[in-house]
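Please see the structure below; I have some questions.
Letters A, B, C and D mark the chains in the order given here, with residues in each chain numbered from 1 onward.
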Amino acid sequence: MKLADVQSLRDNRNLPIDKVGVKNLRYPITLLDRTKKRQHTIATVNMYVLLPSDFKGTHMSRFIEVLNENRECIDIRKIGKILKQMREKLNARKSYIEFDFPYFIEKEAPVTKIKSLMSYDCKVEAFGDSHTEELFLNVEVPITSLCPCSKEISSYGAHNQRGVARIRAQLAEFVWIEELVEVAESSASCEIYSLLKRPDEKFVTEKAYNNPMFVEDIARNITLELSKDKRIPHFSVEVENFESIHNHNAYAFINR
Amino acid sequence: MKLADVQSLRDNRNLPIDKVGVKNLRYPITLLDRTKKRQHTIATVNMYVLLPSDFKGTHMSRFIEVLNENRECIDIRKIGKILKQMREKLNARKSYIEFDFPYFIEKEAPVTKIKSLMSYDCKVEAFGDSHTEELFLNVEVPITSLCPCSKEISSYGAHNQRGVARIRAQLAEFVWIEELVEVAESSASCEIYSLLKRPDEKFVTEKAYNNPMFVEDIARNITLELSKDKRIPHFSVEVENFESIHNHNAYAFINR
Amino acid sequence: MKLADVQSLRDNRNLPIDKVGVKNLRYPITLLDRTKKRQHTIATVNMYVLLPSDFKGTHMSRFIEVLNENRECIDIRKIGKILKQMREKLNARKSYIEFDFPYFIEKEAPVTKIKSLMSYDCKVEAFGDSHTEELFLNVEVPITSLCPCSKEISSYGAHNQRGVARIRAQLAEFVWIEELVEVAESSASCEIYSLLKRPDEKFVTEKAYNNPMFVEDIARNITLELSKDKRIPHFSVEVENFESIHNHNAYAFINR
Amino acid sequence: MKLADVQSLRDNRNLPIDKVGVKNLRYPITLLDRTKKRQHTIATVNMYVLLPSDFKGTHMSRFIEVLNENRECIDIRKIGKILKQMREKLNARKSYIEFDFPYFIEKEAPVTKIKSLMSYDCKVEAFGDSHTEELFLNVEVPITSLCPCSKEISSYGAHNQRGVARIRAQLAEFVWIEELVEVAESSASCEIYSLLKRPDEKFVTEKAYNNPMFVEDIARNITLELSKDKRIPHFSVEVENFESIHNHNAYAFINR
């Protein structure tokens, strides 16, 4: 039985569609890991193409077929290959892919050196046509921040809180997720761990007290660090503190 | 034209359904407010009835009709009337209603006395049949907690963070949302405000440092307080700290 | 007692901060309503300013003070006044404000004409300096879509689903939320209601079956309509279907 | 240096705490998989113990240590071992553990037999003391539902939508996640796939049209099926439809 191909019908509205495809598909993927070579994780995937004005629709199932073929080893150095496959299979001039996933890094507690895993929300965004390709790596890094104003004006103590630093880096060359995480963690009042024993807790409490920082400070510190990196032509930094004295957040954003 | 009433068909599977109805309907409602008499808010509403085994389905549109009639003044002292209306209109033996909504209370900053609004996520749950009716009031109160262990072992400073205390109180008599909020706020290291000037920030920083508490302490303090209240025969308390030194939360739960 | 103003200290990193301020503050506001003049709703508010390179930090509490003064009547025609107040109070060259809120419109069922309220997630974004001001109105409109391919290839029936159309419109002149909602609702297979009786349900079922549309079709229909409106110099349209046959979504995006 | 153990201090409020521990910790785990033996996934983990009235607090870091030791092979048949380890390490009479995770099953499209992966949100809950242990397996299964009323009263078409069936099953003996998923999928108007080609889309469209079901029907079908299974002494079933003609959901719940 021959079934009609409605998507391929001619459209007369004379409107190309910038992005058309599948969104919010959860899929297991395997990534490169700086330490362990491979890391299994679960991604939420978006895949789009540019649809020319003369086609009524795209063929959504083909996106899943491309993902199926590539999910076993997502290497951001080879993401251009996936983008090209999408353009060929969908007969499109431009293609986009986005992966959101948690990524785990083993960290040692600062004093006892006990190991545990920290999770970081990451995102890879890439798009390309036959001439160029752009790639963005996003990391979201939980941090501790301690308020310089509160420390200065109070006779003792200082309010501190969990915050998050988000980096979106355009990559001209390969950069490890671990490298961006380290930039964020070293720019805050203190970094965050999954497992701390009492000597570690003493260490992080005192370290944060010795390093008071506003969201503004953390955003600037990260910016200074990333600006030195030739592999990252453009980036933005976002720092958000879940203020312990408010039910809203303090926020700073720098775009470079 | 006469349209078939499929829902009223006889069902032969011999299975009553505990709850059937509409869920996640967003609707503007008006509530009682201890200070200002009336408060406008937006609720997410669930409404269910018990469906006897011999009916194929319920009539979903009738729930919305009952809500429409009552939304202008939701008074928890009269919620039995809404439950009764549901049972009559849906021809059911038992009915359930749940409202989730943000509720705002004007607070004064502790030193400068400047006023601002704090929002609290609240929930009213009620169900009843022709004999009895049960009513639960839930409040979710953001708080500051300061870690007693961190304070004790550190030479200076102490990690602190935003936390949340959740109370679910069964009401035998009327209780104001404001009363439950006050119990939670007075049981933590410090309460939280939307607007604090520098003298206020000094005050809350020092107050939290002087009142170190674990989630366990806050849950116990709230429990002690609520246990004295004759209007609340049963309750549960849940305290969760968004730890500033971890990316997971500390948690305590007491059921009474 | 004189408390140090740490935020006003000189910063030597030579980095201005594009946006700094408060994020995710929930506050009750009052809006203009085309039918009822005023509508009470609850907004999630973000407020930022540009921070010059020579200041260490901004004064977060002042944002709340500006919001407090203006929340009783948010009129997007006067949002420039709020932006100006922010620049003055924060001593800043550029200011940003964002309100996210549910907005309710009373709709009549298509046959029985019974009235009920539909909620739409909306967002107002505005920013400005002493020379210019830009304003964006966003609406998120739930819709019904019925798949043209499924209808064409199947002997009977056609898969359909809830979808959402999102419009982000830059406004050169005033536009009602209601106008954008109507564009989105009239561009889909059928519009959505809170309350439908059986004759209405027959109507919407048949209407959707008679108007099969892909996400691509709906995005193009909305684009055609908005392109005619001189008050809207730029806009983007996003349509997302919560496919009833998949656990991921179909998606189309047009930027104009 | 000896650091004080504040948690072990005596508490005089005479209040045991039902559950105290860590919540919302994201961690990679490995599970049993019926087809492939092992499946890597990412869990959100909660771990609690009962705290006797005479202790001020629990030792949060020990929960993470127990998880670290066991995460490489979570087998629900051996979860009693983890619970016992928690009781020993935390010196507690009762322990609780909860894992929330996406689980992937490879499915064949109904006509073309093309394979793809479907994700299901699952949860394992277990708790125990020295005498007993209880284990609950939860699965959340996306489904297609087609409205019997809409089909009956309309001249053509019928509204249908994505829905979700949630099963919470107490296990007296081992049950595969895959078994509960199959019960839910076979009880709906049609099951859902990640990848469908046109002949498959025709098949699922017509199958759903031939199997109209309310949430009530799906909940009853699942209940009938699970009631036959001796390994499942108690269970609850929840079905929620994301109605394509409303912006709220239809809901049914049965507890057995």
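To be clear about the criterion, a contact is a pair of C-beta atoms (placed from the backbone, for glycine too) under 8 Å apart; a residue touches a chain by one contact, two chains touch by 3 or more.
From a predicted model like this one, the values you see are computed outputs, not experimental measurements.
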Chain of greatest Cα-centre distance to chain B: A
Intercentroid distance (Cα basis), chain D paired with chain A, Å: 28
Averaged-CA centre spacing for the pair chain B and chain A, given as whole angstrom: 34
For chain A paired with chain C, centre-to-centre distance based on mean C-alpha positions, whole Å: 25
Residues of chain A engaged with two or more neighbouring chains: 3, 25-26, 119, 149, 153, 194, 196, 198, 202, 247-248
Topology of the chain contact graph, where touching chains are joined (line, ring, star, complete, other): complete
For the chain C and chain A complex, residues of the former touching the latter: 3-4, 6-7, 11, 13, 15, 17-26, 46, 48, 51, 56-58, 60, 148-149, 152-153, 214-217, 219-221, 223-224, 240, 247-255
In the complex with chain B, residue positions of chain A that touch it: 118-119, 142, 144, 146-147, 149-150, 153-162, 190, 192-194, 196, 198, 201-202, 204-206, 208-209, 242-248
Residue ranges of chain C in contact with chain B within the complex: 1, 3, 5, 25-28, 40-42, 61, 64-65, 68, 102, 104, 114-117, 119, 194-199, 202
